[in-house]
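Below, each structure is written out as structure tokens.
The following pair of complexes shares a single chain, chain A, combined with chain B in the former and chain C in the latter.
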Partner chain A sequence: MEDVHYVQTAAAKASARKKFNWYFWGTLFILPEIILFFIFLWVPILKGIFYSFYNIDFVDGNHFTGLDNYISIFQGELLLTSIKNTLYYMLLGVVLGFWIPPLVAIAVTELKWFQGAARIIGYLPSAVPAIVLYGMWMWFFDAVGPINSFLQTIGLQPIEFFSPHMSMISIVILETWQSFGAATLIYIAAIVSIPRELYEAAEIDGASVWQRIRHITLPSIRTLMLLLLLLQLITTSQGFQAQLSMTDGGPNNATLTYLLWMNHTAFRDLNFGKASAMGSLMFFVLILLSIVYNLLQRRSEKA
Partner chain B sequence: MKGKKATAFSTIALTVLLTACGTSNTTNNSAASPSAASATPAASASAATATPAPAKKITITAESFKPDQKEKNDQLDQRISRFKAKNPNVEFKKDDWQYSPLEIGVKMASNSAPTEYTTYATEGKVLVDKKWVADITDSMNAWSHAQDMNDLLSKPFVVNGKTYGVPIDGYVMTITLNKKLFAQKGVPLPPMDWTWDDLLDAARKINDPAKGIAGFIPMGKGPEAGWNWTNFLYAAGGDVQKIDNGKVVVTFNSDAGLKALEFYKKLKDENLIPQNWALGYGDALSAFAQGRGAMVMCGSGNAADTAINEGGISKDDLVVYPIPSMTKGGKHTGVLGGNYRVINPKADKETQQMAFKWITDEYFTDEFLTSTQKEIEDRKGKNRVYIPQPINYWKDSSDFGKKYADLLAKYDNVFKYDPQLLSLWDGKPEAQYEAQKYYAEMANVIQKVFTTKNVDLKKTLEDTSNKVQSEVFDKVKIE
Partner chain C sequence: MKPSERGILSSYDLKKGTVITGYTIMVLLMICMTLTILYPFFNTFFSSLKTREEFFAFPPTFFPKEWIWKNYEDAWTQFDLPLLTFLKNTIFIYLGNVVFSLMFIGLAAFALSHLRLPLKKWVTLYFFSTLLIPPATYIVPNFLNLKSLGLINTYWAFWLPAAANAYFMLLLKNFFDGIHKEILEAARIDGASEFISYMRIAVPLSTPIIGTLLMLAFSTTWNDFYWPNIVMADKSMYPLATGIYRYVVYPTSVIPWSVRFAVLTMAMLPPVIFFLTFQRFIVRGLSASSVKG
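For the complex of A and B:
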């Protein structure tokens, strides 16, 4: 009886040691990542939340101001303007930009010749440095630039690309042009991984190109499309670079997104406390959205 | 149980982290606290009277130039050697960071700003309000050349009677004209003592939207839009703010403000400006340099510098005019601007005093003139034109001013201002309180005027002034 107990204890100890070794080495391997995340992600996040309750003064030291920074965010009329603009920008991103990469990817994979060249050409805009991109599109959108010259040649009225109604659309057009290549490559990778037999069988059954796309390609990349949609929404909710470079939020705040307002608050008004509060609010909203997304995903998995 | 452990661990981690943040602040405070700083010179002074102890080692991080500006860096090295020969206890480090309003906050937060650096007039009040520049009143008062300085130029960095910066050079906002475009259209140049109507008239004649050439290029993007417009506010006799019973009160909603806004609306209604309103400082100067506008508004020599040295326009094809007066015989008032050397307040008092000595060491000396001469010759070798600033830290009538003028006259690659310009213009410093926020708000108004038809100017100006008053000026505490 004692022997059995001894064997059981020894086995338990060995198992515990094995488990410990497993976790110890595993933890050791991810330690560098934990340290890097801690220094460059978690500490800034926590410090941002901490500073949001302070008036930041690099010379005389910070002063605790309670909720003043948060109150000043909600009191100003720019909060509503910037949220409306951000939502509009996100919506335009979906309406004008989201469908282009899958469309191009399907078109490229349907090509019989020059597929490699088409992929490279599609990806090239992503390789253009942002500063060159903005300069280039300033010229494209110019009153005597190529787009307006073309429109006038065919007898149409020129477009004022930076009018209050057009400015956000213009920004989304240039951003779509810049970033569709990367998303297209992801879609192409997904499409080429669809088993060829499905297409061959469909072709034997006499399916047209449209039917192949409708019944094989689109259902196969549906999950990827949902994922990229989510990623696009997260990215566009934090958009400000193009707005900063092209219009600096104008005309009359028509392109002032929430993050651009935060950027102005920190680096133009030099109010780092209020900017931290704005960042913290954004952080909590994104966390909330992530929770909602996870709940929805779990529900759909159960179903 | 696991959840509880995790919560406990997170709480401890957060506490440690927040304590760490707090500690670092305290350290910074004590290092930067005025009392701690002021204790140092007193202690060293008493030590000096007791025994002639060797001078304390001081390290100055001096502003240098980017590596491609070899000539300037060589000159700086020579200047450092000359200074060290006179002050052997001083060591130098060099930092080629150039001041940027978007970076100064980060530099101060990380305590990595150089001991001394160059900034510009528009930043004066912000830097003083934030206490990001040292009070150098004592050093300035003790300096033998304090009385020789150009008073007008010193103004932007003198706040509440205290001095925070040493002027280098300056300008009054002007309008630069592309004479070649005038000649191509057969339009005679307006008189230098011009008016708003003269500007409109010239812009109408030269304007050619089909070719993308605008009569006049005002800045419309960013705070510089408000900064540009303020020149017309000043020329109309208006002002941004006044101090009333210890409070800052808006005044830009005056008749002068309305007149200046009506002038901008006329420019838009008659299509005399670029169709793309979104032109910041660099965009406007680039457009001018590309010949896409006949007139542009900016600090005196800057448009000429970009147009000549980057755009390839001949210096003889450019002329600098004052801001036009609203009506004939009126003042040509424009915003006063310039460059200033300031000292980092995080340096201890002795270092601050030595930095002041370093900044002013070669002021009013032949070494300064020699270094200017070298720069002109360096530019000549590269087929570039030297654009002097029209206002300098010295008084033009002084002996030093005459020596400088004689030096410039020797070279043909020096841009020359019309003497009439200097007699006509009238420089007015920027608003003392929250100028940048006022500019940013006015930028919205200007963008509205440039992009919307039938704007109610009076109401828009009134709404903006109410907003600036309640959200910005009411929060200013005057010391």
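For the complex of A and C:
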């Protein structure tokens, strides 16, 4: 009986040692990352929801305040203004910016010379720090800046780029200029991988150039366009840095996006509890969008 | 003409009048676009060399009448801008970010890809589900978290969180997945420990993806102005982008435009050179980050 018991524990020990060896290196390699992800990603993410029910005070400590933070978000006009501004910003991004990269990509792939140069130049604005671009464009949009000087030279009215009506449009123009190159490179990669034989066959069948673009090129990049559209919407819904550094939400809150408002609440008004609640609200809305995006991406990878 | 050499247009198309007209218009538009992209850069550079009067001249000049390099000297000396400190901080943050992220993320990605792990599915989910969560929504608790850890106003506030990057992990893991098991198996049979086979086999084989990651990390660090502005409290700790944001381009800045542009020119020069040198990696990084079309 004892022998059997002994044999069993020995076997258990051996299998435990084997299990230990089996998993040792993998666990050792992955443990630091598990800890780092926990401390610097999961804790903040979860704490955000926790903090949203508290009044954060660095001196007197935090107090549980129930839904007060959420209620105060819905009081006043800023919520409506900032959501309207954010949606307007997202819409402008699509109207002014979204359609440019695919067209440029089609044009660049048809260039006989300087294709490489065109790609590099197009990407150049994405390589330069955003803050430098904001500094540059503050001058270009200035009342006496180059654009207005040019307009006056050819006899047109100067544009007030930072008026309440124009300021968001100005910011979107700048951001389109800044980021279309990167998107163009992605489209180029997709367009180049379309089999040339399709165009050959279409041409033999008498399809015009426009028909080839319409029925071969565009359908081949349709999924990609949808993905990039979603990606752009997700990105622009979180936009606030251009607004922060160029107009700081002004004039008259015309460029106050939701996240800019959140950042003002946290780091200017030092109301961290309310800001956490605003982040949590945003979180639930964006999570929905992210899930849709990932489902689509998975579908396109299968295809 | 072989099909592989044609695009949407064939050489035959280019003999038709309407196509030639359309193509010419397209080329002209592309040239306009190129000029639109390049103009702001050159304008910034040349304006940084103008006198303060010429800067506002009407009609505006493109090339400066005289090249006033003194604007650059002023940028360094006149306005209490510790540009060298800012630059040093940026590089310091970048190096720390790279060391911490590549060291820890590399090991973890290797484990996910080639080693045996308990609850592998759950561990993978634990890492990659963070990709779904938009970072902007936890800026505030992230700050509070760093504050409660006592990391505010230290570089650890960048270095340690830099290692919690699921996106880099995904790129590395995808690359490691492409390394054949047989190579690692052979190393194991020859008695190499997993760490040795990681260092001597996986890492050397991964130089392209590591190059891409170095690039991505560089542009992130060089670009980020908002987060350091929150996390750092002293002027002497700010990286360059934050220094420019706080002391150079803020809306009511008192620094003359030409000097401001001198600072901006200097700030964009390193990334532009970096980009032109390593553009191969960037393009690869972009297509790695995008979907297959």
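By definition in this document, the second predicted complex is superposed on the first by the 242 of 303 C-alpha atoms of A that agree within 3 Å, B and C clash if a C-alpha of one lies under 4 Å from a C-alpha of the other, contacts with A are read in each partner's own complex, and residues count from 1 in each chain.
Convention: a residue touches a chain if its C-beta (ideal position, glycine included) is under 8 Å from a C-beta of that chain, and two chains touch if they have at least 3 such contacts.
Note that this is a predicted model, so its numbers are computed, not measured.
Chemist: Given the superposition on chain A, are chain B and chain C in a clash or a fit?
Modeler: clash
Chemist: Have a look at where A:S163 lands relative to chain B and chain C in the superposition and call it first, second, both or neither.
Modeler: first
Chemist: Between chain B (first) and chain C (second), which does A:V43 come into contact with in this model arrangement: first, second, both, or neither?
Modeler: After superposing on A, A:V43 lies in contact with both chain B and chain C.
Chemist: Of the partners chain B and chain C, which touch A:F267 in the superposed model: first, second, both, neither?
Modeler: So A:F267 meets both chain B and chain C here.
Chemist: Give one of first, second, both or neither to describe whether A:A143 is in contact with chain B, with chain C, with both, or with none.
Modeler: The first partner, chain B, only.
Chemist: Kindly classify A:V59 by the partners it touches after superposition: chain B alone (first), chain C alone (second), both, or neither?
Modeler: Once the two structures are laid over each other on A, A:V59 reaches chain B alone.
Chemist: Now for A:T247: first (chain B), second (chain C), both, or neither, which partner does it touch?
Modeler: The answer is both, since A:T247 touches chain B and chain C.
Chemist: Could you figure out whether chain B or chain C reaches more residues of chain A?
Modeler: C
Chemist: Run through 275-283, 365-373 or 419-427 for chain B and report the one that clashes with chain C in the overlay.
Modeler: Clashing stretch: 275-283.
Chemist: What residues on chain A does chain C touch that chain B touches too?
Modeler: The answer is residues 43, 47, 56, 58, 138, 144, 246-248, 266-267, 272 of chain A.
Chemist: Which chain B residues qualify as touching chain A in the complex?
Modeler: Touching chain A from chain B are residues 14, 17-18, 21, 25-26, 28-29, 32, 101-102, 104-105, 108-109, 126, 130-132, 209-212, 220-223, 274-278, 280, 283, 345-346, 436-437, 440, 443-445, 447-448, 450-452, 471.
Chemist: Over in the complex, which chain C residues touch chain A? Could you list them?
Modeler: Against chain A, the touching part of chain C is residues 3-10, 12-13, 19, 22-23, 26-27, 29-30, 33-34, 36-38, 40-41, 43-44, 47, 56, 58-60, 104-105, 107-108, 110-112, 115-118, 123, 126-127, 130, 132-134, 136-145, 147, 149, 160-161, 163-164, 166, 169, 193-195, 198, 219, 222-223, 225-226, 230, 240-241, 244-245, 248-251, 257, 260-261, 264, 267-268, 271-272, 274-276, 279, 282-283, 286-287, 290-293.
Chemist: Hey, which residues of chain A end up touching chain C in the complex?
Modeler: Those in contact with chain C are residues 22-23, 25-27, 29-30, 32-34, 36-37, 39-45, 47-48, 51, 56, 58, 104, 106-111, 118-125, 127-140, 144, 146, 149-150, 152-153, 177, 181-182, 185-187, 189-191, 193, 196-197, 199-200, 203, 209, 212-213, 216-217, 220-221, 223-224, 227, 234, 238, 240-241, 244-248, 259, 262-263, 266-267, 272, 275-276, 279-280, 282-283, 286-287, 290-291, 294, 297, 300-301.
Chemist: Residues of chain A touching chain B in their complex?
Modeler: Of all residues in chain A, those touching chain B are 43, 46-47, 50, 56-62, 76, 138, 141-144, 160-164, 167, 246-248, 250-253, 264, 266-270, 272.
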